[in-house]
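What follows is a pair of complexes built around chain A, which joins chain B in one and chain C in the other.
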Partner chain A sequence: MSGWSLIRLYTIAVYLFLFLPVAAVVLLSFNSSQFGSFPMEGLSLRWFVRLWENDAIVRAFRVSILLGALTAVISTVTGILAAIALVRYRFPGKGAVTTLLIAPLLIPEVVLAVALLLFLRWLHLPKSFALLVLGHVIFTLPFVVLVVQARLVAIKPEYEEAALSLGANPVQTFFAVTLPLLLPAVLAGMLFAFTMSFDDITGTMFWKPGGVETVPTQIFAMLRNSISPEINALGTVMIAFTILLPLLGMAIARKMAVHRR
Partner chain B sequence: MSDQAYTARPWILLSPALGAVTFLLAVPVLFIIIYSFWLRSAAGAEIPGFFLDNWKEVFSDAFYRDILFSTLRIAVITTVFCALLGYVPAYFVAMSQTQFKALLLLLLILPFWISYIIRTMSWINILGASGALNRTLIYFGLIAEPVQFLYNEGAVILGLVHFLLPFMVLNVFVSIDGIDRNLLDASRSLGASGFQSFREVTLPLSLPGLAAGGLLCFVLSAGTYITPLILGGPRDAMFANLVFEAIITQLNWPLGSALSIVLLVVLGAIVTVYNRLAGLGQIAKSFG
Partner chain C sequence: MTEIAGKAVELGGIVKRFGAVTAVHRMDLSIEEGSFVTLLGPSGCGKTTTLRMIAGLLDPSEGDITIKGKSVTRTPIHKRNLGIVFQNYALFPHKTIYDNVAFGLKYRKQSQSEIDAKVRQALDLVQLPDLSHRYPRELSGGQQQRIALARAIVIEPDVLLLDEPLSALDANLREDMRVELKRIQAQVGITTIFVTHDQSEALAMSDRIVVMSKGHIEQIGAPEDVYVNPASAFVARFLGNSNLVAGDIVSRSASDVNVTIGGLGGLKVPLGRSRDMADGERAMVVVRAERLYLDQSEAETPADAVSLPAEITAVDYQGQAARYFVSVCGHQMQAINPIETHPYRQGDKVRAVIRGRDCALVPFEASA
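And now, the complex of A and B:
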């Protein structure tokens, strides 16, 4: 066997390692057996119906979607403004500012969670939905800044200079020139922030007020009992949600890129 | 446009982001340093002041030290496995010239989008008492009774490797994909064998990606508490579990603060050493 086919075999094995457990979750969610385990007894959608009828789960989905959407919007707007400053302007202390903006990436999320929680407690602010949003914004922000920055570097400043020299003011220039060119990165950043927020459990377990559950914390609570077919069904819905959304986003971005050419 | 407006503009653009990082991160982190010197009375009230009690407890109790070491050990093992499992697929995808390259790359990125908790709990379906592995072994008559594969350190490491492998693969892929192919052709034309040209050209040039992936795997695994809660047993707590215990369960915020700082300083030291040696810029490349 040649070296390359060994490498191919190794690669296939690693892909299987990555995807087989996930495939098992999807497969088992369609299992009609009342135990959440193999063997498959027959195909059924009953666990998905059961999910839909479970108020706690439906509520958790609403919380997660609202939280993700707010996080995505706030993080992206904040991140775009910061990325423009970092890429398009020269100013003293730029290196320090960059490091500071990337810092949430380098600090373990547990520490970030504790720090923010205790600080707000010290200010006598109780745990709230707003705390969740703020927490999610701070840990998604560096990713948005990095994604937008990478794209902005590739957009020539000449386009903006042309608009400015033709009499557009900086705000007009941003909306007419920079933003359309930046749109794929904006969408990517928003999706990034949304899925990170939708997935998060490490910080959320610290920040969530009593009685409020997001989808991941709801799954975590359900795991305390035992693995049930309902959890597998919930997992399948979540997998579909978090995979389809980015794929959709990528498709839109690609279509727009083709359009522009 | 006056000069003054021009110099002020980047700061105006930066103000929301800097405000967020300052008030949601920098100030709170300084605050937990202060908090760690407070005291928690037996009645559960906090006493502000400058007490060294929490720090004495953290540094004198062997319990904390043992868990810190076992956390670092788990993080090292996880990182090594990620490197061993991740390098080859990254190399394969970067070097492959088939029309499936884009698809293969998409498949590498896909696990990032699949929920962490789903991927972690998916192992229960595989390793659990009535999981796929036990069923298969019983079916083939290799075991009579289900074996407990879950709730031990091995299961925790397995879950972490499964979670962090894509970080490694992506970082290595970016660095191998960025290598100028002419260098490889040059080495071959100078008489190097395929393996020699890998060892002398590809491998050294991919080391920054390997190091960046390794750093991410290490830091992320050393800071986790969810994986041990789901896949580990009662004795498999990692350091972040102690923080979670102290803050959420025992409501002992001063002690929780001190423990958080220990985690921050230990991991921060590792990130700083890495930054000195390799620079953090490499990690940003994966976002390009």
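And now, the complex of A and C:
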């Protein structure tokens, strides 16, 4: 057996290890049996229906979507502004600002979570939904900044200079020229932020106020009691949501990028 | 501010420093209404920096910029009413040709019918009336160039600024666009400042050329003036192929200067710009390559010329003419001569004929 086929075999093994559990969850979510295990007895959507009828889960879904959407919007707006400052302007302390903006990427989320809580304690503020959003913005912002920055570097300043020379003021120039040219990156950044927020559990566990559950914390809570096949169904929905949404977004972004070249 | 009628742009003591580097040194320039002025020089001479200061894309460190009698030094670019054509056109890729050209008009509070009429007129002017629904990427380089020009002109700017607009085009197209650009400029009658490093573009298109080097103006003049009577060794070398040899001023009359060139003999050179040079002073004699005649016949030497033995050291064949590298009494020179039958070959012995009236004097420069 040659070296290459060994590597091929190894690669396949790694992928199986990574994705078999996911495939199992998806398969079992369509299992009609009461017990979430193989062999499957028959196909059924009953666990998805049960999911839909479960108030706690539906509520968690709403919270997750609202949280993700708010995080995406706030992160993207802030990220665009930060990227423009970092790419288009020179100012003292630029290096330090760049490092600080990217830092949440390098700091373990647990540390970040505890730090924010301690900070809040120091300010004598209670936990709140607003804090949860703030926390999510902190760890999604670096991704948005990086994505938008990369795109902005590729947009020549001449476009903006041309718009200014034609009489558009800086704000009009941003909306008429810079933003449309940035749109693919803005969309990608927004999707990143949404998906990361939707998926997050570590930070959310620390920051969420009492009584508020997101989908991941809800699953975690359910797992503590029993392993119901409902969880498989929920897992399938989550996978669909977090994989299909970015794929869709990237397809749109790519189509737009081709159109704009 | 001082108001001077007929001046479109005036630069008063403009200085631009980037940290410790001074890109433009105390520059004064005044540009007449309706004229085509070229800022010419090698890269790093400060020409683009100057243009960007006029445009408002850079703030001068010192000095004042006046457009149509009004100081604009503190005016932001979008309030200066200028048309700029960029090197890479900078057409908005996400907008149609129509929307690109109409862009400036939309910020000038004009009615839709006025905008329509002006866009159509501008597209007619650049002879591309049928492309309004296309996107920039669907156009050739030359077409994009014309649209960029239409977009800049349609707003009826006070001054048109062109930043090396031809350098991205290929050679043939560049010469066509040169003629086209000049035609449009003359037709609209717009004051134009053109930045280039290409001397042939500058000579072909300009009313006046501003030759720049290292942040200074070397010479300002009409193309012919700058070419025939260079003010410095730099200008002589930058425009065309010139031979520069050191000489001593012996005497002068009302119209001519007598110079002796070491090893080559004496020449009577027109006074030209060398008015303030004193007798006995060293100067550089400029001999244009196309005015250094190579000859193998026994024809008589004209009275005002010197005829010197020379040897061809290399030949650069160009079709209708050839550029010869010749050794003339120990001086390495270039000669561009038309080819009548056959070009000379390397090693040929010829006579180099230099006429005094074809030469010019510029101040002495040790490094030449």
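One rule holds for everything that comes next: the second predicted complex is superposed on the first by the 251 of 261 C-alpha atoms of A that agree within 3 Å, B and C clash if a C-alpha of one lies under 4 Å from a C-alpha of the other, contacts with A are read in each partner's own complex, and residues count from 1 in each chain.
Just so we're on the same page, contacts are C-beta pairs under 8 Å (C-beta built on N, C-alpha and C of every residue); 3 or more make two chains touch, one makes a residue touch a chain.
These figures come from a predicted structure and were not determined experimentally.
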Check whether A:Tyr15 is in contact with chain B, with chain C, with both or with neither, and answer first, second, both or neither.
-> first
Could you let me know whether more residues of chain A are touched by chain B or by chain C?
-> B
Partner chain(s) touched by A:Val97 [first = chain B, second = chain C, both, neither] | first
Name the contact category of A:Leu166: first (chain B only), second (chain C only), both, or neither.
-> second
After lining up the shared chain so the two structures overlap, which partner does A:Val147 touch, if you call chain B first and chain C second: first, second, both or neither?
-> first
Can you list the residues of chain A that meet both chain B and chain C?
-> 170
Given the complex, residues on chain B that touch chain A span 7, 9-11, 13-14, 16-18, 20-21, 24-29, 31-32, 35, 85-86, 88-89, 91-93, 107, 110-111, 113-119, 121-126, 128, 130-132, 135, 162, 165-166, 194-195, 219, 222-226, 229-230, 240, 243-244, 247-248, 253, 256-257, 260-261, 263-264, 267-268, 271, 280, 283-284, 287-288
Touching chain A in the complex, chain C uses residues 55, 57, 76-84, 86-88, 90-94, 103-104, 107-108, 137, 151-152, 155
Touching chain B in the complex, chain A uses residues 3, 7-8, 10-11, 14-15, 17-22, 24-25, 28, 35-39, 77-79, 81-82, 84-86, 88-89, 91, 97, 100-112, 114-119, 121-122, 134-135, 137-138, 141, 143, 145-147, 150, 170, 195, 198-199, 201-202, 205-206, 216, 219-220, 223, 227, 231-232, 235, 238-239, 242-243, 245-246
Which bits of chain A are touching chain C when the two form their complex?
-> 156, 158-159, 161-170, 172-173, 176-177, 180-181, 260-261
